[in-house]
Amino acid sequence: MWRSYAFRVTVQGLLTLWAVTTFTFVMIRKMPGNPVEVVIDQLIDRQQLSYEEARQQAAGLFDFDPGQPLIEQYADYMNKLLHGDMGKSISSAGTPVANQIKRYLPWTLFSVGSGLIISFTLGVLLGMAMAYWRGSVFDNVLTAAASLMYGIPDFIIALLLLLVAGVQLKLFSMEDVLGGVGQDVHAGLNLPYLKSVVQHAALPVITYVWGTVGGWILTMKSSTISTLGEDYIMVAKARGLPERRILTAYVGRNAMLPLVTRLAISIGFVVGGSVIIEFIFQYPGLGRQLAMAIGTRDYTTMQGIFLVIASAVVFSNILADLLFGMLDPRVRVGGEE
Amino acid sequence: MSEQPLIELRHVYRTFKQGRQLIPVLQDVNLTIAPNEIVCLVGESGCGKTTTGKIIAGLLPQSEGEVLFQGRPLESYRGKERAAMRRALQIVHQDPFASLNPAHTIGQILSFPLKHHKMVSGRAELRRRIWELLTLVDLTPPGDVVNKYPHQLSGGQRQRVSIARALTVQPKLIVADEAVSMVDMSIRVSLLQMLHDLRDKLNVAIIFITHDLALAKYFAWGERIAVMYLGRVVEIGPTEQVIGNSAHPYTRALISAVPEADPIRTRSKQRMKLRSEDIPKLTEIPSGCAFHPRCPFFVPGVCDARVPTLGAAEGYAQQVACPPLTEGLGLREYEAAAEAPVAG
Amino acid sequence: MKRYLHLLLVAALAFAVLGMMAPARTTTAQEAPSGVFSGAFDYLLPPEHHLNSFARGGLGTNLSSTYRSFVELPHAFYMWASNEYVPLLGESWGFADDGSYYWTKVNPDAKWSDGSPVTADDVVGTYTIGRILGWSQFKYIDKVEKEDDYTVRYYFIDQPSLVAERLILKEYIVNAANYADLIAKAQELIDSGATPDDDAWSALADEIREYRPEQLIASGPYVYSLDDVGDAYMTLHWQPNSLFSDSVNFGEIRIWKGETEATTPLVLSGEVAHATHVFPPATQEAFQDAGIRLITIPRGYGPALLFQHDHYPWNIKEVRQATALVIDRAENAFLTNGMGATPTVYMSGLADISVPTWLPQDVIDQLDRYEFNTERAEELMRSAGFERNDDGIWADADGNTVSAEYKFPAEFNDFAAASLNAADQMNEFGFDITTRGVPWQQCAEDIRNGDFELSIWSWASGSPFPARQFWNPLQRHNYVGLAEGQKGINFPMQFEWNGEEVDLDAMITATGAGLDIEAQKEMAGKVALIINDMMPFVPLNYLVSVEPFNEKLVAGAPADDDPILKNPSGSDHFIIYDLLTGVLRPAE
Amino acid sequence: MNLGFGAAATLTGLLIGVLCSLPPLGLALKHRLYRPALLTLAACALGGFSAGLWGGALMLVLMSGVVISYAYVDREDPFTSRASIDEVDFSESNWEFSLRKMAALGRTVRASAHALVRNKAGFLGFLGLVFFFVMIVFGPLFIEYDGQPHYYDRLKPGAKTLFQGPSKEFPLGLDWQGRDVLSHIVYGGKNLIRTSVEAGLMTTVIAVVLGSMAGLLGGVVDQALSALSNFILTIPTFPLLVVLAGIITFDNHTYLALLFAALYWPTLMRAVRAQVFSLRERDYVQAAVALDLGLPHLIFREVLPNMISYIVVNMIFTIRGAMYALVGLVFLGMVPVQEPDWAVMIYIGRTRQVIFNARAASMLLSPIIAIALFQLSLVLFTRSLEEIFNPRLRRGL
């Protein structure tokens, strides 16, 4: 039974991935301008060639033939993909897409991942506290704050952080925050390196937390309130259990159930990172790379990054399904027992 | 019986899928209900009473077997006949808080079926009919409830509305699924009385589902009772017989557990000793007679080997599904010592 | 138990992630001058960033024409004010007496960073690869030959050309030893008589592109390795062997990564000494408030309002002239980019800075400057048979209104601003113009295909020669510059003008042909007058680069009247010359 | 003459409103209901003034209902009598019937109004939305749109930019072209809000229709829709939007809303489907099945009314999300620039680097605050909505 379930889920996931890959493949190639055209324009500007000359020269720069029929390009791509080869970047000929992803993915994972963890933890704790003391000043202030944070776009926050804290107040030097890690530290498990990594990730993480914590707080609050109304909480109170124990063992656990699934789904979106935030902080993540690839119409790179993001989402969806089944006893009934 | 039965269940099976497992909820259920008759379905929770009720009301298809309405399988009805058949079979649910749509007023709830099935023509008739129905279920004066929302009524009042709603389509049969079990004791009697009156006035048959044998005895006195255990009907017959002269050991056990109104009699009453108090899981139904692991009259080699069917037994007017009785072996106390060789 | 296992797993994962980030880097410096010069450019990160000078993602992409000379020297640097070349890698150069070839001589003292001398072989090798890649020099020259150890000859296909001279002198020379294999293969292929259409040719081009040299061998005073390329900035390190190693005053050049948005806070906080980005007016003001000097140099081009000449009424000369008259170019320039744009003065199709140099005085006097004048425009419109209708919109006798859709590239905010303002002003006058922003790639394509009514793209260019400046947009978006089937602005280039038949294409080409400067000037004057009268496009304004220069960090910046500031941004940028020759130095 | 939305914020509109108020006003005065009369006059005038004939007519109906619901109480209804069935006359003229219906409508309106006022946070949100509504509809009466750049009259000697901080003359300062920021705030919300609301509505309609279909029909339909929604959920939405923006030219805001709806329906659809699944098992739905009331009745009478609060609240959140995504798209320069628009102000604020110049900050901050306040109002307003649509919380009158 278990094996057939796993099989079904895997097949479904693979089908979805295939559909997404095909869809994005066509979409991307329907964008106005192709990588060669983009460079042709730059060449014409810079070197004043005629269109034909520029086209010839540009074609020489690329590992890509815009004249090839779409279906052939697709067959080529899928064939390579099946052999585990994501191809080479078009705009930087000779650079495998896999290398690019390996280069940028860890940074995104690290920054958005820690942002997610912090945001989730903070949201759960605050949301629970607010539900418990609902109606109090604490609750009202935080609810308003959460809604407000929810309302200001994160990219604005990013710019403000850099400008106010960095340029005006000089709370940090730009060298310490832009990019992924300082230039003068050696990669590896040494303290200066780790410190530098954390330092550089701080601003993107703060921005990310700002943008998402409001959602977690509000969800956790409403979930906790509905849990507090359940009979078993009444019973536990009637039994005279200490408040703290009720809060942790009974309320917290059950109120978090719906959030855990959401968390699992969010994990999938960690991989995509945030295009704008990474741009502003010069953070060497996958999102920024994707935006650059879109700018130069680097089809293979875009395709590769889309694929990685989609895989992560599919995977996290499966994870959410499994987690929900494991955590909610009501779903487990009639299972292995 | 010369009269054609209103509903007839023939070898009805029903299984549910839970996770990746099939659970047999009903097994080989046979039941007939005559027009204008009252039948009580009694049994512990999980014995398949409600499922039987839903199948009769046409809300749930059976997995196997046949359900006949006026001599024809339910599935064979088409078009107008089907619509008429659907209307003829109505259900009143257990939970008065969940059975009425909170978004509509009582007047609306009653007017939907009346209008949809064109049971009335014109507004005046509609209003008159609603008045009638509300009066019929003793919700008087009707003006007090007609514009209210369900949440503004008490549990008993809601249950009356549920019944009134079922009556809008002039059914031939009402399945009352634990219809009074969530209502205050004081209201129950009047509700039950009302159901009886309705049966008399409107010529409607009632299947009354309950886990409460005492209630069944009160409601179905002079009618019939069917006792269910783990998806099967184990005993069926006139109420006086089933209660006064129980045949099946399970029925006997149930009766011995009913508290009497007189506390002294209750205390002095001897409860029948079962060999085991645990009800087996539906996923692990014992072989043969499902009751045999608990039955004090267990006959090794008979009870655990043969699947019992309803049949007549000597000395009993009702039908019973107990191999020792139907095969004329009689009931004898089971002695544990006798078990050893069989088990060994 | 299970809990610890989870913890362990998480920890292991975290370490794995950290471990994957960025390789180790090392720094080296010996006897280098102290001081850091920090600029800014949006270079690529490895793995896209590599050290192959011939491929995208190499030096050209990452250092831009501004910083590349610090690493790879070209033969010469051009001074716009005096129209002369000054030597960098080269010692001397010139046309052969019979004009059949051009020659250059590398400075015999020039050395590579590995200590080996720079020779004619490096020059020839560079061009051998350039030929495989289809470099534009080979439009003019046909073969490149070594004359002696330092001298190289470039044979012209037909006549000698000043444009070719510039291309040759500005080309960055690459260390041949670093590309020895590829050069040998390229030479072999060329010797075999192969043409660019052959598969072997494109296969070799592929191979060249995918080559990844392990190290950079520099002729400039700075060198770097991939380890010096960081997420936030990259560092060029001083090396002792270059011609300019002794004259430069900085031990390090730090190039901060980023577009305008990322660069602005760096400039404001004093991290960056000089940046070439296009900073919008609000930022320019903020820089000045922060005490940062702004240096203004030409950018080499500006936005031009393009007419699609198939569309009525833009095919009527008077309507185009009226359009030029009703757009207040001072306002348009100011709104385009504040101090970063100047209104076009001469309306000649030639950048205003080139007009005094290249046009005869009598031509300059004849040029109509199209100063903002709605009355004159109204007269012109009436003379062409237009009247304002009841809604105040200009319409012809048949009631056809002067209306159009104005397409502009939404992402280019200076061009977008210029477009919106031009449309506003035209509407004010009584034209019916609607604007539509599209992605720039789309806009470029639509202009080439002639799929627009009004649009905007650049005019003039960063080249000092009239032929190059007239080319854009008159030839670029018209027959000559386009592929088969593309319409562009569709302005007829052969027509009768002042009673004589003219072929504008031929005339523009003639302004760059041969070596007779006086003849070229005369021809340029003719072309300028025709463009000035026909108004095939309206040169709205000319962009200037307003570059922040932090004198608290770097001293020696040229004064505002220094002739070197006539040099436009790009490969003739003043910091190239002033930094190499030691004019720029750390402050204090 | 345009009497519909075209009459909004004109004298004609006001006249329409006052005319519309006459019937209910007369009725109220006849029954000496002075407070409702006053309310009627105000509501109708406002309705006509803000939306011409449409608003006037809507208010006419609603307020008539309210007045009748007060006045109708006295009328003899057979249901209020305690007489026996034979003594009662059940016939009812059409006039009486419509009176009764109007009274019911009036009671609903009154109950909703009570629910709205009861929740403080929700009411605050409502006031916020009213503020924006008033600003968008009536703001233009007082503030003229400042669309032309003011090159000469606002160029101070030696100025490098036209930016100005807040002053008495220009409370929110001047933007990059020397235009009044306040006027752009007043005029710039309409399109953004309209597009967001359209997007939210479309998303909700798609999600509810597909979700109910999947939930009620089950089987193949359910599986196909689930697969489709999985597929769409898997595509990284924002990058895809960026890609699409490159392909499609969004000069029409409705297209933009449609595109948003096409990408964002699955989340809500899944929730609706789950709700339908759970509602389908409710006893009252089962009873309706047994009564053979038909599928349309099931959907529109039994299932939907019980999800309406959930749906509306989700729609509000979708509107919020749509606005966020729209502003993001404009911020990245993926959508053609069409002034006046709050999002475009932020976009220009970014590309013109307003953020780095203290004098120009109000040009960037004003639209940000406007958007944040609007979104805050939306979120707060959902609290009241929950009460309005919950029949349990809505005490019958």
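For reference, chains read A, B, C and D in written order, and residue numbers begin at 1 within each chain.
Basically, contacts are C-beta pairs under 8 Å (C-beta built on N, C-alpha and C of every residue); 3 or more make two chains touch, one makes a residue touch a chain.
These figures come from a predicted structure and were not determined experimentally.
When the C-beta contacts at C-D and at A-C are tallied, the pair with the greater total is A-C. Comparing chain C-alpha centroids with the centroid of the full set of protein C-alpha atoms picks out A as the closest.
Rounded to whole angstrom units, the spacing between the C-alpha centres of chain C and chain D is 51. Averaged Cα coordinates give chain B a centre that lies 90 Å from the centre of chain C. Chain A and chain C have CA centres that are 37 Å apart.
Note: centroid distance chain A to chain D, computed from Cα atoms, is 31 Å. Touching two or more other chains at once are residues 246, 350, 356 of chain D.
Multi-chain contact residues of chain A (touching two or more other chains): 31-32, 159, 163, 167.
Residue positions 261, 265, 268, 438-439, 441-442 of chain C are each in touch with at least two other chains. Within the complex formed with chain B, the residues of chain D that make contact are 77-82, 85, 88, 90-92, 97, 282-284, 286-294, 297, 301-302, 305-306, 391-392, 396.
Chain D makes touch with chain C in their complex at residues 147-149, 151-152, 155, 160-163, 176-177, 245-246, 249, 251, 333-337, 348, 350-354, 356-360.
Those residues of chain C lying in contact with chain A across their complex are 15, 17-25, 27, 44-48, 50, 55-57, 133-136, 139, 196, 202, 205-206, 209-212, 228, 230-233, 235, 256-259, 261-262, 265-266, 268-269, 271, 301, 438-439, 441-442, 444-445, 448, 458, 461, 463, 468, 471-472, 476, 480-483, 486. Remark: chain C residues 260-261, 264-265, 268, 279-286, 288-289, 328, 330-331, 334-335, 338-339, 410-411, 413, 416, 420-421, 424, 428, 436-439, 441-442 touch chain D in the complex.
The residues of chain A lying in touch with chain C in their complex are 31-33, 37-39, 41, 44-45, 47-53, 55-57, 60-61, 63, 89, 91-96, 99-100, 102-103, 106-107, 109-110, 159, 162-163, 166-167, 170, 173-175, 178-184, 186-189, 193-194, 197, 200, 279-284, 297.
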